[in-house]
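This report concerns only the one structure given below.
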Amino acid sequence: MDTTHASWKHQFASDNVAAICPAVWKAMDEANHAPNSHYAIAYGQDDISRRAADQIRALFETDCDVYFVYGGTASNALALSTICDSYHGLIAHRCAHVSLDEANAPEFFTGGAKIIGVDGREGKLDIDAVLNILALGHRIHAAKVRGITITQATEAGTCYGVEEILRITSLKKRYPDLDLKVHMDGARFANAMAASPDVTPKAMTWQAGVDVLTFGATKNGAPASEAIIFFDRELATDFEWRRKQMGQLASKMRYLSSPWLGLLDQDAWLDNARHANRQAARLSNGLTALRGVELVFPTEANMAFLRMPPSLAEGLSQRGWQIFFYQWFNAYRFMCSWSTTDKAVDALLADAGDLAGA
Amino acid sequence: MDTTHASWKHQFASDNVAAICPAVWKAMDEANHAPNSHYAIAYGQDDISRRAADQIRALFETDCDVYFVYGGTASNALALSTICDSYHGLIAHRCAHVSLDEANAPEFFTGGAKIIGVDGREGKLDIDAVLNILALGHRIHAAKVRGITITQATEAGTCYGVEEILRITSLKKRYPDLDLKVHMDGARFANAMAASPDVTPKAMTWQAGVDVLTFGATKNGAPASEAIIFFDRELATDFEWRRKQMGQLASKMRYLSSPWLGLLDQDAWLDNARHANRQAARLSNGLTALRGVELVFPTEANMAFLRMPPSLAEGLSQRGWQIFFYQWFNAYRFMCSWSTTDKAVDALLADAGDLAGA
Amino acid sequence: MDTTHASWKHQFASDNVAAICPAVWKAMDEANHAPNSHYAIAYGQDDISRRAADQIRALFETDCDVYFVYGGTASNALALSTICDSYHGLIAHRCAHVSLDEANAPEFFTGGAKIIGVDGREGKLDIDAVLNILALGHRIHAAKVRGITITQATEAGTCYGVEEILRITSLKKRYPDLDLKVHMDGARFANAMAASPDVTPKAMTWQAGVDVLTFGATKNGAPASEAIIFFDRELATDFEWRRKQMGQLASKMRYLSSPWLGLLDQDAWLDNARHANRQAARLSNGLTALRGVELVFPTEANMAFLRMPPSLAEGLSQRGWQIFFYQWFNAYRFMCSWSTTDKAVDALLADAGDLAGA
Amino acid sequence: MDTTHASWKHQFASDNVAAICPAVWKAMDEANHAPNSHYAIAYGQDDISRRAADQIRALFETDCDVYFVYGGTASNALALSTICDSYHGLIAHRCAHVSLDEANAPEFFTGGAKIIGVDGREGKLDIDAVLNILALGHRIHAAKVRGITITQATEAGTCYGVEEILRITSLKKRYPDLDLKVHMDGARFANAMAASPDVTPKAMTWQAGVDVLTFGATKNGAPASEAIIFFDRELATDFEWRRKQMGQLASKMRYLSSPWLGLLDQDAWLDNARHANRQAARLSNGLTALRGVELVFPTEANMAFLRMPPSLAEGLSQRGWQIFFYQWFNAYRFMCSWSTTDKAVDALLADAGDLAGA
């Protein structure tokens, strides 16, 4: 089997295997071909980039600072570099993307800050574990804790509720000397919002005490674009230099910003996320109905974590399904995206049912 | 005048104001919409990315290591990070992009390497100035020189001949203890190749002693894509980690690699560069025919550096032409791209002739 | 009570409260006042520094590279910077000095390497925990493991046996692709050697697979001096630049090297360490004889970790004894040094006996 | 000839070849042996370190923050790390120690800040050259200038007058947006003060607009100790962590601080410096009286820069005098210290007179 080309049976491996969604493609097309777009001022001073930033400000109903960058790892690392100096510590879930999946990018972009991993159920920070760290008081011999990062939706496919976020951000007041800042890794923020129909973007973020959000478009249908959104605008001081120095200032910025116009204009971002979440739920429901298949976390966003008999996993793999085993959760991860097809979900469920001897 | 929207009169400000060229757009379209492309393995393991790398290897007729990254500053800084450790020195032209235009990105990506700026006519390194640096011998009190970087085409719009490159790379043998490596900043490598019709890509690079080339597509018609090409493959050791850590590993890599298929397939890269060079030459010829206008450097690639009477510069500006004054060369820079129109060149020349009282 | 001046009742707080020992003082005096020492070539090219390095080579019976630096944190961080690049991972005990007590110095000196903390009994790395990390195989998304560090004597006051060290260093052969290197933090190497009378320095280090040792003199009786000893001499490539860049090259090097002459000449280093270990054992034995006092780790080197009734701890503190509670081991730490007096040990034991109602 | 041992004929090579001066030795002896000093709290909380910091505050007649560190390169780099973030620029004389002699330590400690070298007569910054840099305005593409550093006494052996310093520090007000900070490298601050009998330490520093001073004791008679003195105390925020992380926190701090007690108590620091300056003047006067010997800079501090006939330089070298050719000034440098003997100066002058055929 040729593994270099992804067939439709690979679509559950990651939300990064998906193409550019139609709304984004259309916006990029316009940015490229519309008569008034053939030339655009470089480095983000163009109309499209300004409009995209304005739309994000409108979405969050506040006058935040918005910067577009290329990728998810860089957006997190850049945001954290505004919070942490080299001698600082950042509290993160032990299985957070910044802890496990960024090849020391946060350490590098901050010049050496330490990511202090703590445990927590369902991919969420355990508040007591965080308090334990904050209580240590080891002074200059240890990293000085300066930040806390949470992922929304989490790497476990769950979503923090506003109350849970508030409990974490309330630590800022409890430890005023530390001048704590809270970062939200929103690589799948759209999926979290789609899963929380009664919560507004502002309620989920700055009103809940989040200081800086990295809002992902890549997994939501863009080719590569993330927005770093500073609600605490002081963190954005000199950020333009930082973005430039760290290799994330696009010269032809309109191709990072136009995708946002496509996603935000008609709420395509929410439609895409709702679709992905719904397919993950269908898949989760269908598989957990089978003998020996067990759900590991509630399927709240666009991925399902499952334990299943080895024979089932192997069988699916033999039938061509790309099955991803996530070692830190000791479970199989099935990821859906805006482009996950009914056909694929149905076919996988049929194969699984067949193999499970249903 | 609205300065946030670039009219067609802005097209000489930079080659970054241009849109995506048709060949690249078509290749991206295929990467996104062709039936067998709807899903693609992430992080560069996909067919398109492999084919693009293979085509680059074919172009250079050698088994080099090829990595795609987002932008020009990052591609230089990443390439240099494979040459220079934190205590190393890198010899560069005082007006090189890495010296003046990257907001300390090379220093950051290398952890502190020092860029040692030397002078040289027409934007090219002066070999004697380089030798002076190498002869200093200040040992552990100073940066240990490890690399030399040259820009091709240069920031002055000139091109190194193969002989000139060889003179620089011959220093590697002359100072064997330093284990010198030579980097070529090829943000406008296409323009240099278009200006050197009798030279092959391999003759211009690895056969001339270049160890690593950063080959730009962005200024040549792509949205954002640069290829880092290691001819000295040992420099590429662990480079995948480096690229990831430094925030330049694209998850949906096909959108960084498909532009290369579009550019290389039918030699669009050379056509684009030839067009840009030709327009720069027309502009240079036309303007230098006017009273008081003086050419600063030979117009060999896609930009012309000119001195002109203040009244002329102001007049052009008043008529809406975006005129960029390049302070380090004390001259006006006119830049052309694949999309520079005959109409724009003619109109600017007409306005200039009018103003110069021709 | 004046807490800024350390009375003799503070001597169990740390081995850093001790003065310069007589043998070191004498050697420094000679370095300063002997007729042929009044002027000394700077930066380590002097006689004294060469002799000190030679004596260290003689002690380890091998042709290793020896560099003197000021302090312990810097010596570890510098040594690790020769093993780990920014994208690497270093396996360390969760309670190692490099993990907890260096305020991100290793991360800073390496440009971002990640310290991967693992558990282990008695302050020693658990080999299975190490194997678990090595087996993960998360490729470019995670730190690439490059190094393992062990502390000898450990932060728990225990000592690795040669067999235990060999078990760890054997992983180098088991994972040849990783090109693993092993560092030994020997801030209290003297205490470990004093505790292992049948083991030679070479058997404890390079013959057991250790690649680089940071050998501490500060806690052993010097004002401030550590030796970084490269058994794997390739790691020392360009190390002179690194030491200079990282602020650890002494201009008047003789004051870092003469203490080593003092310590090594008549085995003062071992005498000092034996004395400290013996006092710790006396203290440990005396205290554990009391009701409610419990030993946490075997007292093998110069410190004892004990749990005791709060009333006892408070009582000692009220009588002026500086009692240090080590939160990570949830125990009280009593540290002895070359200068710990019989009188102090006896007096503390008497007070404790009194308080424990013995 | 044995070059590893410095004879008394080496004493003009550097002020680093000198031993510890008597006043410092006495203070260290007391710190080590006085009854109330046998134990001292670690990490700078001890009496001696507090008294030394207090005496420095008294000397400068202001409530500044004082931190002791080991060496000169580190003290500069650490001080600059409080001024410059990674994307900042620092203006320095092209021949400053931070530019030429620190093997990229400032770049490393700041995470990548760029040292922007400017010219200037007699080792002093040329104010117009500085203004040219500040006027560039290249925004995010270049380093953002944040600091200016001056060396007092300069690397050319000259001294800034208060007026000259004020001219530089006045730029802080002229460019308020840059929030400029001024650092003074005072590795030979004592020599500058000795050369300026009518100026007080405060008039030379904070009253003249200096924000942070690195005040050297090493070249003035200590084994290794420098004080970083923050007049702008906001720069010292979290500095304790920085010092620790960067490997400059001494555990047995009293051996870094007691030398300051020795130097300051009876004005030994000034006596030492006056002696060194006087010997340099004698040497300068004596040599320039010879045919063909030319003074390059006024001999204001403890070193003389001279051009002389090759035959004379060779002759001196053959007679065993260590002659240091300083390539950047194209001149021979003769350096004196607190321990330079009359005998040595007389003997060198006699040999020179002999060789010059006087």
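The first chain written gets the first letter, and so on, giving A, B, C and D; residue counts start at 1 in each chain.
What we mean here is this: contacts are C-beta pairs under 8 Å (C-beta built on N, C-alpha and C of every residue); 3 or more make two chains touch, one makes a residue touch a chain.
Every value quoted in this text rests on a predicted model; they were computed, and no experiment measured them.
Within the contact network of the assembly, the step distance from subunit B to subunit D comes to 1. Counted by C-beta pairs in contact, the busier of A-D and A-C is A-C. Here the CA centre of subunit C is 33 Å from the CA centre of subunit D. Chain centres here are Cα averages; for subunit A and subunit D they lie 51 Å apart.
Taking each chain's centre as the mean of its C-alpha atoms, subunit A lies 42 Å from subunit C.
Taken residue by residue, subunit A touches two or more other chains at 43, 86-87, 102-104, 108, 111-112, 140-141, 144, 241, 244-245, 249, whereas all remaining positions touch fewer. Per the touch definition, subunit B reaches subunit D in the complex via residues 86-89, 100-104, 107-108, 111-115, 136, 138, 140-144, 327.
By the touch rule above, subunit D contacts subunit C in their complex via residues 3-8, 10-11, 13-14, 16-20, 25, 31-33, 36-43, 45-47, 50, 70-74, 77-78, 102-105, 108-109, 218-219, 223-224, 241, 244-252, 255-256, 339. Against subunit C, the residues of subunit B that register as touching in their complex are 43, 85-87, 111-112, 139-141, 144, 238, 240-245, 249.
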